[in-house]
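Chain nomenclature is as follows: A, B and C, assigned in order of appearance, with residue numbering initiated at 1 for each chain independently.
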Amino acid sequence: MINLALLIPKAVVQGIPLLYGSTGEILTEKSGNLNLGIPGVMYVGAISGVIGAFFYEQGLSKSGAQPNGFLAITIPMLCCLLGSLLMGLLYCFLTVTLRANQNVTGLAMTTFGVGFGNFFGGSLIKISGADVPSIALSITSKYFSASLPFADKLGWFGSIFLSYGFLAYLAILIAVFAAIVLKKTRTGLHLRAVGENPATADSAGINVTMFKYGATCIGCMIAGLGGLYYVMDYACGVWSNDAFGDRGWLAIALVIFTIWKPDIAIFASILFGGLYIVYLYIPTGMEHMELQQLYKMIPYVVTLIVLVITSMRNKREDQPPASLGLPYFREER
Amino acid sequence: MSDRIPAVKLQNISKHFGPVAANSHVNMDIFRGEILSLLGENGSGKTTLMNMLSGIYYPDEGEIFVDGNPVTIASPRDAFDLGIGMVHQHFKLVDVLTAAENIVLGLDGKLDIKNATKKIREICDKYGFEVDPAQKIYDMSVSQKQTVEIVKVLYRGAEILILDEPTAVLTPQETEKLFAVLRKMKEDNKAIVIITHKMHEVESLSDRVAVLRKGEYIGDMITKETNAEEMTNMMVGRKVSLNIKRPDPVNPKDRIRVRDLTVRSEDGVLKLDNINFTARSGEILGIAGISGCGQKELLEAIAGLQPVETGSIEYVEDDGSYEQLIGKDPKKIRDMGVSLSFVPEDRLGMGLVGNMDLAENMMLRSFENGSSPFTDRKAPYELAKNVVEELDVVTPGISTPVRRLSGGNVQKVLVGREIASAPKVLLTAYAVRGLDINSSYTIYDLINKQKEAGVAVIFVGEDLDVLMELSDRILVLCGGKVSGIVDGRTADRAQIGLMMTRVGGSK
Amino acid sequence: MMKTRKHEPLLHIVKRDSMSYKKAVLIRIAAIVAALVLCAIITMVVTGQNPISVYGTMGVGAFGTARKTWVTFQNVSILLLISLALTPAFKMRFWNIGGEGQVLMGGLAAAAVMLKLGDKIPNPILIALMTLAAILAGGIWSVIPALFKAKWNTNETLSTLMMNYIATQLVAFFTVLWEMPKGSGKIGIINQNTNAGWLPNIGGEFIGSKYLLTIIVATLITAAMFIYLAFSKHGYEIAVVGESVNTARYVGIKVEKVIIRTVFLSGAICGIVGLLLVGGINHTLTTTMAGGQGFTAVMVSWLAKFNPIIMIFASLLIVFLSRGAGEVATNFSLNQSFSDILTGIILFFIIGCEFFIRYKITFRRGGHKK
């Protein structure tokens, strides 16, 4: 029997980066932008946070000052948000202002972003001339991974609900907030209109360009936090190249799985997180290690099935935003 | 009248799209408490001009005054703020949202659908609209969508209303209802502009009429003081005989026999309901009806493009033998030796490929000829040259993408290709839509030539006058049913109008 | 209703009617040059080297020795082949971003035949079987999303993306299953002693013979693809379906058939790449064999405007950057990912410059003319 109190927290920590990524991508896609650069953005978000934390820790060790919890959290976070924002702006500049093909731009951003992350992850020490063997940000990461003090006193309840760093709760808050904005507010209504039919939104006086920039940039910043969570909390501040793997793509898959709803994404991301590591918990025996690889396939197969089923059912509300992937130009004729 | 301050004054407005001047140096006034008809042929720049008022386009040159003050309308938002609202010909609605959500789209403040619903009900009561605020747009009929559009504009407190060909999609009854509403708004001291090219609408509704021709402002008149002939002259620039040739059919024989044809759209809506008719060689069968009541499905069913539920479509040879067309795609029909040409409504979306050049478009019908795995480029090139010469197509060259040609020339290319294969049956849908008068007559001539050559022509049209002058017989469709078939030479306009709205035409 | 006058929009953007071919090429070249300058500056900042010697180093990395040059051309060939493979699908507006997975499946099939039948049947038959298996595997892998697309209009960008990861895990599964030696998690060099199923070296004992086969295959497929797209009936059908499905139906083209046939072709060529990688270049199977080139190829194909000839130059540019930046990185003990950053920058510039080819910007001067 699989121990749920053990498995669920593991699924949650796997799911949180996916939740950040998919919430960000949902907002982006709701504006009609299919940002395939999300994997790159998450790398950039992660490495920007790492760079911030790295220099903060370098500064600490040089000056011999005591770490300050507030700075240890805000510096990496701000760096991460800034890095992701710049990626978002780049994407918008190319696809919205310059009306470039979204698929190609997104893929180029992923190439660039993953390269950027791995490059600085591998070369940061050399470039900065620091005297450390590897990037292990133990001081700052402690603040990121700190769970509530009484979490381990509450047994299974504590470990399932209270054992996470603050970024995990922030992810859920953001997803809930995004869901409310999309469903209940004027901003959400306008955003949905932009993604469905930009010409109509435009003629209704909605600034399509602003919404596309806004949703995409905020989406990138949220996704970037997913990268930050992964490296600062999950990986305890240790950067290793390519460790983040294909989670960015899985986040995009999750968007489809949740039929563009951030509230569903909360549960779906935990489910995906569980599927991502379930192979560790299904006993294969030493004789059949290869089966683990098949279990790792499950999230992708499930997503593909969901994608096919929603397209089979063809329900209007469950379809991708109608203008997804298409550039908008008011005077096109 | 001249000492009133106009609600809107356009001064020296010009707008270009690439090398094409859509409007040049237009001066025009719009007054409150008045319905102004903006009259002009298709492509005369009416819509472009009004789009500049509603902030969709920005003029290249010129100034706009609202209530005497110079204004800049750089976006639809600016237009709303100035009290200008436009109901576009192609509705600007988001399908997956409800009527209420669409109506409040783009406004500021907290989203309060409940309150908005109340306000929408008030507007509806005031003018007599019927709108369910909670209904999704994709569930609505065309006239319901139009109503939502008008309510949307009023909800924003528009004082200056522009309607772009609002009656194109309406039944005569719905049109009357709309006109009544517009008159009520006029009494409310709103300024109303209605873009149209239908003369009787101008006469029955408007106080003043302004005429555009080829992007230029020709002049305006008080409606009561003018007449249809004068307006037509201003619109087309010279006196035209409205007479379309109608040679008598020679030795007509049954060619296409349609029996009990029933067609459902993909989402299960009944589009054609038990249709029966026969089209004969050497004859033009006109199809009349309000747009969207089965014309498209009927032609596509004959052309092998539309899955059919029940019924039969037979192609009859001169000797009386016949072939069933149902269940066969265009290629199979062609392989059977049935020579059938189709000029569809959507020229650049179906009949032609906009990004391909003239020769490549000619190839659409012939590329499969021969057993070589490669295409023959020479014959289509020659054909394109012929079409350009014989039909006077204005084009920079054979290798110009057809999307760069004007509407009339695009249609000539399409019709030229379709008749080049010497068809036995010619299907045309809205063959002159968007064409200037000269091009229209070229197309009528081409169709008549086909008729004289013994082709069975099925001509779907929207202009009753044209249908009544061109067709030998007119089949009237109403909601997917055959409302009746009348003789084109003796048909009565009012009777056809009634038949379009009610099966059989009787009260 | 008083309203203060707002400023007129300063910039005004209009779609160009057309631009001369020469001018369009010039704009693209200008964009590439600008990108190269920016890359040089960034490299200078990171390494402290002057920009000219940066490109000197890059040149050495790509073409410094005969062997390096051959490897460069081999890499160009592989990238070019994947780009060519994706092109017919793209022309049809079928956004196949599953090249990665299709290459892996081709490689997997080739490796399976090599491992299971190697030394049991004569080598020519073995290679023929490998080829057949690779083509089928790549083709079938791409046809699955195409069937979904044809039947239910399932978004192919997303489904092909998922197929990539399913393929990766399948390869991972077989890698562990066939690992050699046990416990290494790797397959190792297949048939190292017998060389059974190894694709032949061409041209005897000269330095390029190892690389020549891939280059020849790429050259042939480039020419064939160019002719196929430009002159064949299939190519014409692809163009029509890509431009307008309605038009295609209207003239009696069986759209579903064309989609499936074309996407199969797309996957089959990817399968051949898998064969070349496993049978000719690596002689082993790994999950990272395609190395992201399935995605890079999407960009190459698009940048070349789906023209196979221009694709040669686009692939060369990307491979040059990648190998050149690799050399820079090695010389300065930086990270190999440096090349991805440079590639990204070049791509951003080329993507961005398309705007200036398609649109014209006019500035408004001095408000209203009287």
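Quick note on the criterion: contacts are C-beta pairs under 8 Å (C-beta built on N, C-alpha and C of every residue); 3 or more make two chains touch, one makes a residue touch a chain.
Computed from a prediction, not measured in an experiment: that's the story for all the values here.
Viewed as a contact network, the protein chains are fully connected, with every chain touching every other.
Averaging Cα atoms per chain gives one point for each, and the point farthest from that of chain A is the centre of B. When chain centres are taken as C-alpha averages, the shortest distance to the whole-protein C-alpha average belongs to C. Inter-chain centre distance (chain A to chain C, centres taken as mean C-alpha positions): 27 Å. A separation of 48 Å divides the Cα centre of chain A from that of chain B.
Chain B and chain C have Cα centroids lying 45 Å from one another. Residue positions of chain C touching 2 or more other chains: 14-15. Annotation for chain B: residues touching 2 or more other chains are 17. In chain A, the residues that reach two or more other chains under the touch definition are 331, 333.
By the touch criterion given at the top, residues 184-186, 188-190, 192-193, 196-197, 199-207, 316-317, 322, 330-331, 333 of chain A touch chain B in their complex. Remark: chain A residues 34, 36, 90, 93-94, 97-101, 103-105, 107-119, 121-123, 126-127, 241, 246, 249-250, 252-253, 256, 289-294, 296-297, 300-301, 303-304, 307-308, 311-312, 314, 320, 325, 329, 331-333 touch chain C in the complex.
For chain C in complex with chain B, the residues that touch the partner chain are 1-3, 5-9, 12, 14-18, 231-237, 239-240, 243-244, 246-247, 249-254, 368-369.
Per the touch definition, chain B reaches chain A in the complex via residues 17, 54-57, 75-77, 79-80, 86, 88, 92-97, 101, 104-111, 136, 138, 152. Residues 13-15, 46, 95, 97, 148, 152-155, 157-159, 161-163, 165-166, 169-170, 172-177, 292, 295-296, 298-299, 302-303, 333-335, 337-341, 343-345, 347-348, 351-352, 354-355, 358-359 of chain C are the ones touching chain A in the complex.
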